[in-house]
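Chain lettering (A, B and C) follows the sequence in which the chains are written, and residue indices restart at 1 in each chain.
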Amino acid sequence: MKFINETLDVRTRDRFDVIDVTDSVREFLYRNNVTNGLLIISVPHTTAAVTINEAEAGLMDDILTAVKRLFEPGGPWKHNLIDNNAHAHIAASFIGNSRCLTVINGSPKLGRWQRVLLIEMDGPRTRHLELTFIGE
Amino acid sequence: MKFINETLDVRTRDRFDVIDVTDSVREFLYRNNVTNGLLIISVPHTTAAVTINEAEAGLMDDILTAVKRLFEPGGPWKHNLIDNNAHAHIAASFIGNSRCLTVINGSPKLGRWQRVLLIEMDGPRTRHLELTFIGE
Amino acid sequence: MKFINETLDVRTRDRFDVIDVTDSVREFLYRNNVTNGLLIISVPHTTAAVTINEAEAGLMDDILTAVKRLFEPGGPWKHNLIDNNAHAHIAASFIGNSRCLTVINGSPKLGRWQRVLLIEMDGPRTRHLELTFIGE
């Protein structure tokens, strides 16, 4: 069994941002010479999230608009009494801090439009992206 | 270590639909003669999602009603300038395109009311359901 | 390959509740003497969810407030014609019944503020927490 864990730094550019990290995911798998298994893509953060969807510029904005509409930045959240980012924590709790991918012959099995997206909701910051492979 | 990946076709019946795919999941595990491990159930799509919940007809409608209320099909999303399914992409980003199950003695460890559900939000289409097992 | 699955009981205290189960997760890994691998933390329930975020008291209330705002307990959901907990099913479908963690040298690789949280939305009940490790 092969087990590989690496952390990459990803710089986000604004308070709200979506970064396509798919190329880094592919490069990690290639560099580590893996064949088949599972890959977990996660962030060790509580105000950012990971998802898989299309990296179309308008859509990436829409995802952030939906976060703002549903989770109201600056709203009367209790966590905003001690910080100013409750919306980001709540959204990250709902969306999740990780996604799973199947790896076949060294490549992530992604659909035609699927990309791995890091969702920043309290940036700009340097975020850690954790890549964990288990398999062969 | 056993690693098995299969793709099944699932036909959805309407623009919005929920399909219970639990029987296909069980049959996949049985046919492949596995014992213990992890199963990832995913879709390689960006306008459909996978979740685990009860397959009660009213509830399956409620899940779709919630998607429509929260993500407004036909709304002023930027992605709707180039397509008409922004709601489906955003909802899929939030809900996720995969779920994980523990497999014990060849069966998925599901609670009494848990079923594996494919959520269609831009159908009807033939969707691919990816089943990936890692274990023994 | 090591494969370990255990079920712990967690008592929730109210209809809506968030319980920090991180210490139980750490203790499970320590007691089973594992090193590196993946851990799935899940519930076999359809009206509770699992997430990873900060265990700050105000924020835990905010997460429950967001569930109530977005999924309207007692609302005109079809599932409420046969039961009274549609909100909990729908929210659990969106948030998810499981999260994944990387395990390194016997410890879950959690960020500084990350804790594993069980979200109760139809309690109080005794809930089952499933911990599944695969690795070495």
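Methods note: a residue touches a chain if its C-beta (ideal position, glycine included) is under 8 Å from a C-beta of that chain, and two chains touch if they have at least 3 such contacts.
Small disclaimer: the values here were computed from a predicted structure and weren't measured.
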item: Chain contact graph, described as a line, ring, star, complete graph or other shape; value: complete
item: Angle, in degrees to the nearest 5, of the Cα rotation that carries chain B onto chain C; value: 120
item: Whole-Å gap separating chain A and chain B, where each centre is the average of the chain's CA atoms; value: 20
item: Junction residues of chain A - those touching two or more other chains; value: 1, 38, 70, 94, 96, 100, 134
item: Partner chain C, residues of chain B touching it in the complex; value: 1, 36-38, 51-54, 56-59, 61-63, 65-66, 70, 94-96, 99-100, 102, 104, 109-114, 117, 134-136
item: Chain C residues touching chain B - in the complex, by the definition given at the top; value: 1, 3, 5, 38, 40, 42-46, 70-71, 77-79, 81-82, 86, 89-90, 92-94, 96-98, 100, 128, 130, 132, 134
